[in-house]
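Residue numbering begins at 1 within each chain, and the chains themselves are lettered A, B and C in the order written.
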Amino acid sequence: MNRFMDLADFSREEILDLLALAQSLKDHPQPRALAGKILGLVFFNSSLRTLASFQAGMARLGGSSFVITPGQGTWQLETRLNAIMDGAAAEHVREGIPVLASYCDALGVRAFADFKNLQNDLDEKFFKMIDGLCDKPLINMESAMNHPCQALADWRTLDELHVPQHAKFVLSWVYHPKALPLAVPAATLHMAAMRGMEVVVARPEGFALPAEVMAKARAAAATAGGSVTETSDRATAMKGAEVLYAKEWGSPLHYGDAEADARLRAGLNDWCVGERWFTDALPDARLMHCLPVRRNVAVADEVLDGPRAVVRREALNRLVVQMAVLHRLLA
Amino acid sequence: MNRFMDLADFSREEILDLLALAQSLKDHPQPRALAGKILGLVFFNSSLRTLASFQAGMARLGGSSFVITPGQGTWQLETRLNAIMDGAAAEHVREGIPVLASYCDALGVRAFADFKNLQNDLDEKFFKMIDGLCDKPLINMESAMNHPCQALADWRTLDELHVPQHAKFVLSWVYHPKALPLAVPAATLHMAAMRGMEVVVARPEGFALPAEVMAKARAAAATAGGSVTETSDRATAMKGAEVLYAKEWGSPLHYGDAEADARLRAGLNDWCVGERWFTDALPDARLMHCLPVRRNVAVADEVLDGPRAVVRREALNRLVVQMAVLHRLLA
Amino acid sequence: MNRFMDLADFSREEILDLLALAQSLKDHPQPRALAGKILGLVFFNSSLRTLASFQAGMARLGGSSFVITPGQGTWQLETRLNAIMDGAAAEHVREGIPVLASYCDALGVRAFADFKNLQNDLDEKFFKMIDGLCDKPLINMESAMNHPCQALADWRTLDELHVPQHAKFVLSWVYHPKALPLAVPAATLHMAAMRGMEVVVARPEGFALPAEVMAKARAAAATAGGSVTETSDRATAMKGAEVLYAKEWGSPLHYGDAEADARLRAGLNDWCVGERWFTDALPDARLMHCLPVRRNVAVADEVLDGPRAVVRREALNRLVVQMAVLHRLLA
């Protein structure tokens, strides 16, 4: 294994294997497994969990890590091919990434959507460039349309909670003051489908996920014996739900157009998860969210502070599954 | 030991024990004592000594650490309970702190005074929230009203310099262009009182420390056989002094009111420590300061560059005593 | 060895010894050589390679490191002697540097030219102050007029490429939107001269390097049996060249005067390295650059992406030679 870019690159059995390795490393720590190994971490975007959990994960396996944050302590990096670099960026990723890769044994890169051209982001244009520039094992720490570490952690969380394979899993749009990327909803949708769940995407009109994203999830569901549907009728979606996965995202119809998106989301702030959402859900239905979450905007205190919320467990599982990924890539 | 929040949480004997452990770790290094252990460091405010000494201390004991700096590489964290999070902060400490705690074996947090409501800061409202959110050992790396790592380092410095237990210790207000928090003066005052010293607080009119702070120090002095008095007469305070501890702080009378504080401190810039301050002090009287110090504003070059100044030794002792704290919490 | 400040502080034999140690550590890794050792890294200026390669190098030798970045997570540090510190800087390097040095076993410092007074920068006024404040081994991670880590890495790169000792080495000025410091051109010129090469400095009128810099290189060339000349005739310079080392720098005639420098460089953007530059060079002539490089401004894509460019190898050699420096200072 040389890349951890997308759960779709692996078979279901390979994912189950990775999850088993995660459990094994938890039960039987291997504090010297990555002794002498170095992980380079490049953050084109801010981070809390990802930074801390990767550094902690390497340390728990006996390795070490360094962090590069373009724009903070390191100059900005140019990403456009053939650019005439007379602006703010002092270095091109065509130099920066191979150089950093040459200093370490594996590289993790976070680079959110460019949010200008939907097709470019769907094609993971930037991350494919990174991929081509890195001759070391590479980890996607969130790209334009993916967040495989989060997806794997969430899969483990569902397993830990004994959520049945075919249970009803509602991925619901929730309110946020501005448009956010599609990486987590796309990755979550695909993960739940690949796990074999009855997945329903609930979102207001205008916030349907791109057809490509839906099709990829449907293909995964078909293989795993699950299903993927979508609706703007939140109440119906929640009927019999075992899991509500809340996530904020921008309208694909107005991709990169902040004003048009803002007009579309104005008035949708009742899409803030409250206890009332769970009226017709299963009694012990869970609330999942990848974090960070805006309290009382995306999810109300009453839910985050109540027994349904498993968001801290999801976050802890980031560490647990990433250690398995690091072990697989480097041990 | 699961918390290092305030010297007042410990008996005099426990503090002496910690200081003995610090000396022992200096004399007999234990380079693998914390092998495999991870310290998480969260800085809501800037740092030089604290960051470097905690990372170095963990490394010297064989452990490792990660650093999170909300607002720099990590988004801002909301701290208000029940906030409707539609502003700049993307995540609440109610998620952030437990998640980071779950990645490490001990957490250090720096969070200066909110500087809005004096009673809230005296009550350590924010740090108590952090305390309640962290199920791992927790270290106060400076809070609204405390800085126990600095206080412990200063205690050790006094011992190293063979300053007698009951010697005269003057904590003096010194000039700074703007109001600074009360954490270090409060912690220093309490430390010197707990050590049993004859403590005099010298400060201009309007800069008396809060009654609660004085009362806490007086209680400690009573137990240790020392005393605590205060005066605005600097010359009298310095008579027979063995130690001058210089510190900048804001007026508790105008807490959170920068303009009123500025009017009060205008004209007080002769409160910059010079050699003339020591005319009636003991011949070898020392100058202490927690750093950072503004040269020729709070303390003149002639003192900082002369034999009285022991500020670098205090700073080195941060490392020495924090290693004892880490050892006690984690070994 | 207690300082790594300037290749000129060492004899040719000592440099060859260091390079041999670098090769030896590559062939026979010593993953525990610096176990328990701590490197402090202080960046007054931004970094990518230097930060990552020093942290990785320490880790590969079993040691660890911490990073302090004044202005980012740490307050600004005052550098002027006798300053009345009532401005933005909260701490003086006279406290900051000795304190940080006391926490670690060796200190690396990056501090670019002040770019106000040429003679002060030529005298390395600031770095000499740092030198005087640091009682631990000290590494120059780029100063006003030097970059010995880069120079040593480039020497190794020339050796690896079997570039003959006396081959023609052209250091050419290339375009950049604004004036950059003289550290790398000065260090590169001296390195190539010390290696014994036939060095030609090609630069437009007004961009001649300071006489002191040229004289120092000529002295090194004399000892090593090489030569140093300069010209504004790029085509002649390139005749028979085996290596083109491209570098951007500001006009010493208008040092610290951004506007006058800008007028001088206006119209010089044909000083962007393209394949046409190599018409009369040796067939396999190489393109070197310390990075970061602005593509299509300083060097064209066609060269950076072609077989001449060895910039990534130079960057990797930063790690390789710095491990030798760290080993020599700390093992």
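A few points about this structure:
Following the convention adopted for this analysis, a residue touches a chain if its C-beta (ideal position, glycine included) is under 8 Å from a C-beta of that chain, and two chains touch if they have at least 3 such contacts.
Only a predicted model underlies this, so the values are computations on that prediction, with no experimental measurement involved.
Of all residue numbers used at the contact between chain A and chain B, under half are used by both chains, marking a mostly different-residue interface.
Chain B maps onto chain C through a rotation of 120 degrees [Cα fit, steps of 5, range 0 to 180]. Look at where the CA atoms of chain A average out and do the same for chain B: the two points lie 40 Å apart.
Among the residues of chain B, those touching two or more other chains are numbered 64, 72. Taken in their complex, chain C has these residues touching chain A: 29, 31, 43, 46-49, 51-53, 55-56, 59-60, 62, 64, 67, 69, 72, 177, 291-297, 301, 304-305, 311-312, 315-316, 319. Of all the residues in chain B, the ones that touch chain A in their complex are 35-36, 38, 40, 64, 66, 68, 72-75, 78, 82-86, 90-92, 94-96, 98-100, 102-104.
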